[in-house]
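Across the two complexes that follow, chain A remains constant while its partner is chain B and subsequently chain C.
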Partner chain A sequence: MTNQEIITQTNEALVQEFELEGLELKPESLLYEDLGLDSLDSVDMVILFEQSFDIKIGKDPDILAIKTLNDLHNYVLGKVNARKSA
Partner chain B sequence: MQKRRVVITGTGAVSPFGKGAERMLAALGSGQNGVTRLPEPAYAGDNAPQVAGVIRDVDISDIPRKHRRCMSPMSGYTFLAAREALEQADLPEDTITGGRLGLSIGSTVGSIGEFEAVFQEYLPAHSMDKVKSMMFFKLMSHSVAANVSQALGVSGRVLAAASACSSGLQSIGLGYEAVAYGMQDYMLCGGADEYHPLFSATFDIMAAASRGYNDAPERTPRPFDRDRDGVVCAEGAGLVLLETPESARERGAEILGEITGFATIGDHTSMTSPDPQLVRRCMQEALDTAALAPSDIDYINAHATGTLLGDAAESQGIAALFGDNVPVSGLKGYMGHTMAASGALETIACLHMLREGFLLPTLNLENIAEECSGVRHLTTPEIKDVTHILKNSFAFGGINCSLILRRNHD
Partner chain C sequence: MNKPASPLEAAALLPHKSRMCCIRRLLECSEVAAVAEAELRPGHILLNADGLMDPCGFIELAAQTAGAMYGVGSAVGSVSLAMLASLQKVTILHDARVNDVLRITVNVIGELEGILSLQFMIHRQAAGVADRPLLAQGRLTAYIPENAARIAAMLQPCDTETDFSAGRNLGLKEAVWRCAIDAPGRQDATQTDGVLAGGFVFPYDFAGFDGHFPGNPIVPGIAQIICAVRTAMGSAAKLTGVKRCKFLRPVRPLEELRVRAEVNGAGRERSCHARLTANGESCAEMTFTFEMPLV
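Our next item is the complex of A and B:
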């Protein structure tokens, strides 16, 4: 899976899980302010991506730094690529 | 403490007949039965119950995701009922959110379907890794009341009685007391439940579920009938909006009826078998709160689930207090036992009967059982000028409730 495919799948999972149809997903989009997500969604986002990409996130403190869609993409890419190289 | 008068100015319903109180009332008036055969029996076993009153084609997807994500079906249905009741009463937004409106909405349990989903994820390895946070908000005992509060922005009191099949009527009674004694100016009250096969299975363990009409669902349940064989579980949501007649008049809201009395007592004699004397006492206490005599009651809307013991005890309690003069019917033959919703949905039907001056008969009552005799059972519709109705709900655990409704005279 290429990085672009991972980004595309991340966006598709977000749109489906959080009903974001019609919103423009830009890298600089803020998850809370622009996409309307909140802390409860963040909790469930962990499970969403763990299942979508077979990765382990758990209570990784790095997720607290995720603010934008680009932050999220980079985080997921890092986890998926780490799994592939493990 | 000064007791204020309490009237009803809004109703909302989702029932096995669909969305809206009007749809339910039309179905009741035409004698329809909303019970259907399910694709599968309630559990694996010989002749397990396979009939229920389930809701079909009611869409909750227009509820904003922020609120819907925490809602199991029963919370969604109740939110639709809340919107219907508040629109009918034309309650202003600032009244809904400003603290003058409270909620009293019960369900028998949280979402069993959601419990099942959680345990399917949890039990194999005792892991919570796949359990989403939203699940908790669907299975907690006050899920319906909490969800409606969040979605409407209610900041008055939020009560959530979990008193099994009395939850709906008890919630209305608690709301009535809150308005009558000045704790809230408006209360949105009632109950809701969503069907899960475990409801039928649980009643069946106690030999109280209907299982003899799996091939003829329209013939069950059969309250008070010689051939009744138990409860048919169903789902629904019913709400009424309560306020004082003064506030209703100020707003120009139509008064649909008045609540003049309520009683709820514990039947300590049995978890499952009501004591006729305590059925009688509950009704007597409700009459006392309304300062009425038994002869003032024009019609009794019975709990009447179609069980062997419950119907007999209720009949005997009614006969002891009212004799055989007052017309009696139960409405579960039309749509099954909607559990916590039943007390509220049946109250909405009672309001309709008060206003229209006709009484619905007990559907599927063809041969009155000997042990249910001694009261005047309605087996056909009756046109009657009705001023006072007494409505009963009873529940496992010995929770008796009686509510008294009066036709509006203002």
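Our next item is the complex of A and C:
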């Protein structure tokens, strides 16, 4: 899976799971303010990406620093690529 | 999963008391999973007048099982205060009815900053019958005791002594319907451009406050879902699932709960997106599916 494919799958999963149809997903989009997500969605997001990409996130403190869609892409890419190289 | 030495009575583990304590006992429990049992005896608050459990009842049973799981770890003399926060992918497959014994299983699948995510399954069990049909399943999130500040902000102690005797035989659905306020003739839903609107006010003696919670009356989450379902589909259709639902703010006695429900689809299977406000503030948002009756 290429990085672009991972980003596309991430976006598709977000749209489907959190009913974001009709919203434009830009890298600079803020997850809370622009996409309307909240802390309740965060826990679901962790589960969603763990299951979608077979990665372990758990209570990783780094996820608290994720603010934008681009941050999220980079985080997921890092986890997926770390798994591949493990 | 560890089995308690003997089944633990749910009333000792939950803040829910009286009729709103809907599960009977906890059969198995660990830090990440629990199994509870509920008996739908006549008069159970989740039963409707026709002897069927309201489909929303599955959600309350799952939420209380999760709460009881946390109650096991609480200090003697206190109970857990886990509060239902959201629902995802709830599917209702079959009815439950009077005298059924239900087995509710919850498993923790994630936790982040005091918010717990759990998967649940509810089966019907019968003595001597190995087959336990799956009746409902889904996911829920709850604020857990680690999120004490958030939970404390939702609670608002109330000194009012309330007499619930007038509603002691009412099922929760019927009790909710009696709280509809709009328009004469109890036509509580009005339709404008495909959007249905309804209004509800819950008096202090609303049956859903009977033990939810003692000294802290809060409209149960499933009562809010019942309001939305009632507004969107009236009395004849049947709830089949809750795709997503978030509870954003507690609803208290005498607050005006308004529902705006947008229904999609024209066939037998339909979906609805509903937004709820309490005294003008957003309190819940949900997307659910329902099935119209055969004509």
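In this text, the second predicted complex is superposed on the first by the 86 of 86 C-alpha atoms of A that agree within 3 Å, B and C clash if a C-alpha of one lies under 4 Å from a C-alpha of the other, contacts with A are read in each partner's own complex, and residues count from 1 in each chain.
Criterion: contacts are C-beta pairs under 8 Å (C-beta built on N, C-alpha and C of every residue); 3 or more make two chains touch, one makes a residue touch a chain.
Everything numeric here is computed off the predicted structure, so don't read it as measured data.
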Exercise for review: Give one word, clash or fit, describing how chain B and chain C relate on chain A after superposing.
Suggested key: clash
Review point. Should A:59 be classified as contacting the first partner (chain B), the second (chain C), both, or neither?
Key: second
Review point. After lining up the shared chain so the two structures overlap, which partner does A:77 touch, if you call chain B first and chain C second: first, second, both or neither?
Key: neither
Exercise for review: Pick one for A:23: touches chain B only (first), chain C only (second), both, or neither.
Suggested key: neither
Review point. Thinking of the overlay built on chain A, is A:47 touched by chain B (first), by chain C (second), by both, or by neither?
Key: both
Practice item. Check each of 221-229, 239-247, 311-319 or 347-355 in chain B against chain C and return the one that clashes. Key: 239-247
**Study point:** Touching both chain B and chain C, residues of chain A
**Key:** 18-19, 38, 40, 43-44, 47, 50
**Study point:** Of chain B, residues touching chain A in the complex
**Key:** 65-66, 69, 129-134
Review point. Tell me, which parts of chain C touch chain A in their complex?
Key: 85-86, 88, 109-113, 115-117, 139, 141, 243-244, 246, 287
Practice item. Sort out for me which residues of chain A touch chain C in the complex. Key: 18-19, 38-40, 42-44, 46-47, 50, 59, 63-64
Exercise for review: Would you tell me which residues of chain A are touching chain B in their complex?
Suggested key: 18-19, 36, 38, 40, 43-44, 47, 50-51, 58
